[in-house]
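The next part holds the structures, each set out as C-alpha cells.
Two complexes, one shared chain (chain A), two partners (chain B, chain C).
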Partner chain A sequence: MSRRLQYIIFVLWVLALATTPFWATNYIVRLAITIAMYTSLALSWNFIGGFTGYPSFSTAAFFGLGCYAGAVSQRHGVPMVLAWIVATFFVGAFATGLGAIILRMRGHYFAIASIAVVEVVRLVVSSWGSLTGGGDGLNLPLLTGGPNAVARIFLLVMIAIMVIVFVVTALVDRSRLGFGLRCIQQNEDAADMVGVDTTRYKVAAYTLSALFCGTVGAAYASWIGYIEPSDSFSIIMTVKVPVMCLLGGPGTMLGPVIGTAAFTLLEEVFWANFLDYNRAILGAVIVVLIFFLPGGLLALSWRDLVKRFAFRPQKAST
Partner chain B sequence: MAYLQTLVNGIVLGALYACLAVGFSLVWGVLNIVNMLHGSLIVLGGYLTFFAWHGYGISPLLALPAVALLLFLLGYVIQSVAINRVIGAPVLTTLTLTFGLDLILYNFMTVYYTATPRRVTLDLGPIDIGGIVVPLDRLLGMLLALLLTGLLYFVMRRSRIGRAIVAVRMDSAAAALMGIRVKRIYAITFGIGALMAGATGAIFAVVYPVTTNLTGTYLGKAFVVCVIGGLGSVPGALVGGIVLGVIESFSGQFFGPQHALTVGFVLMLVLLVVKPTGLTGIKGYE
Partner chain C sequence: MSTTILVADRVSQRFGGIQAVNDVSFALKEGEIVALIGPNGAGKTTLVNMMTGVRRPTEGHVRFQGEDVTAQRPFEAARRGIARTFQIVQPFPRMSVLENVAAGALFGGALPSVADALAAAREQLEFMELAPFADRPASALTLAGRKRLELAKSMAMQPKLLLLDEVNAGLNSGEIDGALALIRKIAARGVTILIIEHLMKVVLSLASRVLVLHHGQLIAEGDAAEIVKDRRVIEAYLGEKFARRIAAGGAIERPHG
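== the complex of A and B ==
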C-alpha cells in the first residue's frame, strides 16, 4: 500500500469517527471514543512492539500511571489540559528511566519484566492510599454541560491524540530512528555492529510507546471521572493492545488503526451476544490471529485468498 | 523464637511454591515457552479435586494422582494441537498464544464454576513442635509438594524420557539426530508441566481457597520463582521457591502482608537485571 493511500485512508477514518455525533446514536459515539483511545494505545505500542520487535507488555502500566498522574494533578488544582500534559511527561520520564534498565534484557526476560512492571506499579498505587486513594479510587470533577456535550468534547480530544500519535508514527517511519528500529527488529547484533546505537534507539522507542499512553490515560480519567487501580492497570488491556496491533499488522503505519477497528467491532458484536464469554473471545481472536494471520490483516494478499478459495488446488492422488 | 516461627512458615510456603513453579520452569527451560496457562491449570486441578471431594467424598490424597493424570493428557493435547505449531517462533507469538489459551480456559472455568472461593476443609488442626506451630494440612501439603518435586527430579535424572527431555533441552537438533522424536518430547514435557500444575492444584485445594481469581497470582509466583532459581531445573525451582517463601514470610512480618507480593516482584526485577540466569543458573545456559 502506498504511503499516500495510507494517509488518505487514515484521514477518511478520522472524519468518519469525528462526525459520529451528527449521524449516529450515543452508543456509537461512545464506541468511537473507545476506538480512538485504543488506536492511540495500539499505535504507541507499535513503536516498541512493531518497529523494534520487543515483546513489551507494559502498556497498562503507562496507561494507569497516566490516569493517576492526571487525576492527582487535577485534584491538586492543575487545570485539566495542563494535567494531561503533566501526565504525558511524567509517564515519558518514567518509561525512559525504566527502559534504560529493562531494555538490557531480551526475549522472555524482557517480556516478563514488562509484565511485572504493571503488577508492581499497580501494587504501589493501591497501597499508597494517602496520594491515590488506594483501593477506593479517586473521583474527578466532571465537566459541566450534560453527557452529550462531554462525549463530544472527549471524542475530539481522543481523536486529536490519535492524530498526533499517527503523525509521530509517520515521522518515525520515514526517519533515521525508524530505520534503526527496523534494523534492531531484524537483527539486533548486526544493527549494533553497523553502528546503530541500539540502547539509545530502544529507549527512544520505549519512551515513545509510553508517552501518549500517559496522555490517553489522563484524558480517560477526566472523561470517566472515577479511577481505581484494578481498572487502570488491567492485565487484559496490557494484552489487548498488542493483539490489536498484531491483528492489523505490526510495524506498519496503518496496521494498528485497522487492527483496533476490527478488534473493537468484533468485540462489540460478540459482547452483545455472549456477555459471559468476552475473555474467551479475546482468547479465540488471539488463537486465530497467531495461526492464520501471522502478519496481520494488512499482510493478507487478497489475490492469494481469492485464489485459494476459488480454485482449490487438487490434491495429487496416488 | 518469633523469627524461627516466621522462618518455618516461610519454608513451608516455599515448598509449595517450588511445586507450583517446577512444571512452569521445565516448560520454559525445555520448550523456550512461557506458559501463561500455568496458573489456570493449577486452579483447574484445584477444582477437580474439590468436586471429587465435595461430590463423591474422594479424599484429596486419592484424587491427586487422577487429577494429575487428567491434566497430563490435557497438556499433551494442548501442546500437540496448538503450541507445537508455533515452537521456535518469536517470544511475542508464543507468549500471546499461551495467553490466549489461558483466557479461554479461565473464562470457561469462571462461567462453569463461578469465582466463589471453595476449599477442601480437612480440619486436621495444628501441630506444635517445641513452640513452633504449623497447621497440619499445610505440613501435609509441604510433604506432598516435596515428594512430587523429588519424584520429578528422579524421573528427569533416571528415566529414558527424562534423559530425552534433558537432551532436547540442551540441543534439540542433535537430539533429533540421535533418534529422539522432538515434537513428542515437547508434548510430553508440556504434559508433565500440566501434570505438576494439576498436582499442585490438588495440594493447594487443601491449603488455599480454590477460585479463578487466583490464576494470575499463581502465575506471578511461578515467574518469580523461576527467575530467582534459574530455569528448567528441579533444584533451581526448589531453591527459588524456598527463597521466595522465606522472603515473603519475613517481609510480610516487617512491612505487613499486603506488601509481601510487591517485595517478591521487586526482587525479581532486580534479579532480572543483575543476574538473569538465577541463583543456581549457569551463564549462557538460560
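== the complex of A and C ==
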C-alpha cells in the first residue's frame, strides 16, 4: 500500500473517531476512546516488535508505570497535562535503562525477560504502599463537567496521542533509524557488519516503544480517576497489544491502526454475543488469523483474492 | 611507495582448550591483493573475525592505519573502512537487492540520508552488474547472485580494506570467472583485498602474496608461485607422505626450463 494511501486512510479514521460524540451513542464514544488508546499502544509496540523484530511483552509495565507516575505526580500537585509529560519521560528513561540490559538477549530469552519486567514492576508497586497506596490503589482528582463532557475531552486527548505516535512512526519509517531497525529485524549480525550500531538502535526502538505507553497510562489514570496494580499491570494487555499489531501488519505504518480497530471490534462482537465463551472464541480467531495471515491484514493482496475467485480464461500458449 | 594499512601483531585466539589461532603476525600494504590459504580448520575465518571485531584476540594487537583497533566492535570496523563478506552469505532476505546495498552505503559508507544511500546503491549495482535485479528480494537471487550482492554491499561501504571469505565457494567455473573479473575491477579502485580461498586458480591469478595458515599458525608467506612449491605447504595440504613422494619424484620441485 502506498505511503500516501496510508496517510489518507489514517486521516479518515481519525475524523471518524473524533466525530463519534456527534453521531453515536455514549457506548460507541467509549469504544472510540478505547480504540484510540490501544492504537497508540500498538503503534508503540510496533517500534520494537514490528520494525526491530524483538518480541517484547513489556507494554503493560510501561502503561502501568505511566499510570502511577502520572497519578503520583498529580497527587503531589503537578498539573494534569504536565503530569502526563512527566510520566512520558519517566517511562522513557526507565525503558532506556532497562533496554540496555535486556536487549542483550535475543528471541525467546528476550520475550521472557520482557514479560518478567511486568510482574516485577507490579510487585514493586503493590509493595511500596507509602508511595503508591499498595493494593488499595490511588484516587485521582476527577475533572468537573459530568461524564459526557469528560468522555469528549479524553476522546480528544487519546486521539491526539495516537496522532503523535503515528507521526513519529511515519518519521521513523523514512529515516536512517527505521532503515537500521529493519536491517536488525532481518539479520542482526549482518546489520552489525554493515555498520549499524545495533545496541544503540535497539535501545532507541525499545525507548520509543515505551515513551507513549507512559503518556497513555497517565491519561488513562486521569480519565478513570482510580488506579490499582492489577488493573494497571494487566498481563492480558501485554499480550493483546502485540496481537493487535501482528493482526494488522507488523513493521508497517497503518498495520497497528487497522489491527487494533479489527481486534477491538471483534472483541466487542464476541463479548456481546457469547458472554461465557468470548475469550475462547477470540483465542481461536487469533490462532486462525495469525496462521493464515502471517504478514497481517495489510499484507493481503486484495487483487489476488479477487482474481482467485473470479473466472479467468486460460492463457493460450503460443 | 606503498604504506602499511593493516597489521596483525602476534594475535592469538583460544576457544577453551583449542588454540584456533596461535601467535600470528602479518602486514597488508595499501592496494595489494593477498590470499590467505590453509586446510579446513586452519583458523582462517577466526583470523578474519579478529580483524573485523567479531572476536577479540585473546592475545596480541590489530592495527588499522596506525590505530590500535584490537577492541573494536564490528560496526566500528565497518565505519573505519574494513568490510568483509561471509563464507555463508548474510543478506537481508526480505529487502530488495537495492535496499541491501543501500544499507551498506547508509551505515558503513556514512551517507547522510536514505535517499543518498539509494542513489549510491544504484551506482554500485551498475558497477557490480546486478542492476537488472535491483527490485527483486535478496532471497530470490541464485547463490552466485547472492555472493555478488554480498560484494556489492561491502563495496557500498566504501571500504579501504576488503576481507573476502571464500566468495567463490559453491560457484561453477563460469561463475568463478565472472567473480574473478569483478574482484580485479574492485582492486583497480585501489581497495586492499585479503582473500580467503581454496581454489589455487583464483589464488594464483589474483594474489601477489600468499599467507598460509595451518593449525592456527602462519607456516609460510611469500610469492604465490613460490608458495605452491613450499614443502611445508604441501605437507599441510597433502600430508607428509605425499610431500616426500613429490619431493622425491620432483613433480613440483623441478625447476622451470
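One rule holds for everything that comes next: the second predicted complex is superposed on the first by the 302 of 318 C-alpha atoms of A that agree within 3 Å, B and C clash if a C-alpha of one lies under 4 Å from a C-alpha of the other, contacts with A are read in each partner's own complex, and residues count from 1 in each chain.
By definition in this document, a residue touches a chain if its C-beta (ideal position, glycine included) is under 8 Å from a C-beta of that chain, and two chains touch if they have at least 3 such contacts.
As the structure is a computational prediction, the values presented were derived from the model and not from experiment.
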Superposed partners chain B and chain C on chain A - clash or fit: fit
Partner chain(s) touched by A:N187 [first = chain B, second = chain C, both, neither]: second
Partner chain(s) touched by A:T198 [first = chain B, second = chain C, both, neither]: second
Which of chain B and chain C A:G295 touches, first, second, both or neither: neither
Contacts of A:F179 with chain B and chain C, given as first, second, both or neither: second
Partner chain(s) touched by A:R279 [first = chain B, second = chain C, both, neither]: first
First (chain B), second (chain C), both or neither touched by A:P242: first
Between chain B and chain C, more extensive residue contact with chain A: B
Contacts of A:V124 with chain B and chain C, given as first, second, both or neither: first
Inter-centroid angle chain B-chain A-chain C after superposition on A [Cα, multiple of 10°]: 80
Lowest inter-chain C-alpha distance for chain C and chain B in the superposed arrangement, angstrom: 11
Touching both chain C and chain B, counted on chain A across the two superposed complexes: none
Touching residues on chain A, where the partner in the complex is chain C: 174-176, 179-180, 182-183, 186-187, 189-198
Chain C to chain A touching residues, read off their complex: 52, 73-75, 78-79, 84, 86, 90-95, 99, 102-104, 106-110, 113-114, 117, 153, 157
Residues of chain B touching chain A in the complex: 28, 32, 34, 82, 85-86, 90-93, 95-97, 99-104, 106-108, 110-111, 216, 220, 223, 227, 258-259, 261-262, 265-266, 268-269, 272-273, 276, 286
Residues of chain A touching chain B in the complex: 49, 53, 55, 57, 101-102, 104-105, 107-113, 115-117, 119-120, 123-124, 127, 235, 239, 242-243, 246, 276-280, 282-287, 289-291, 294
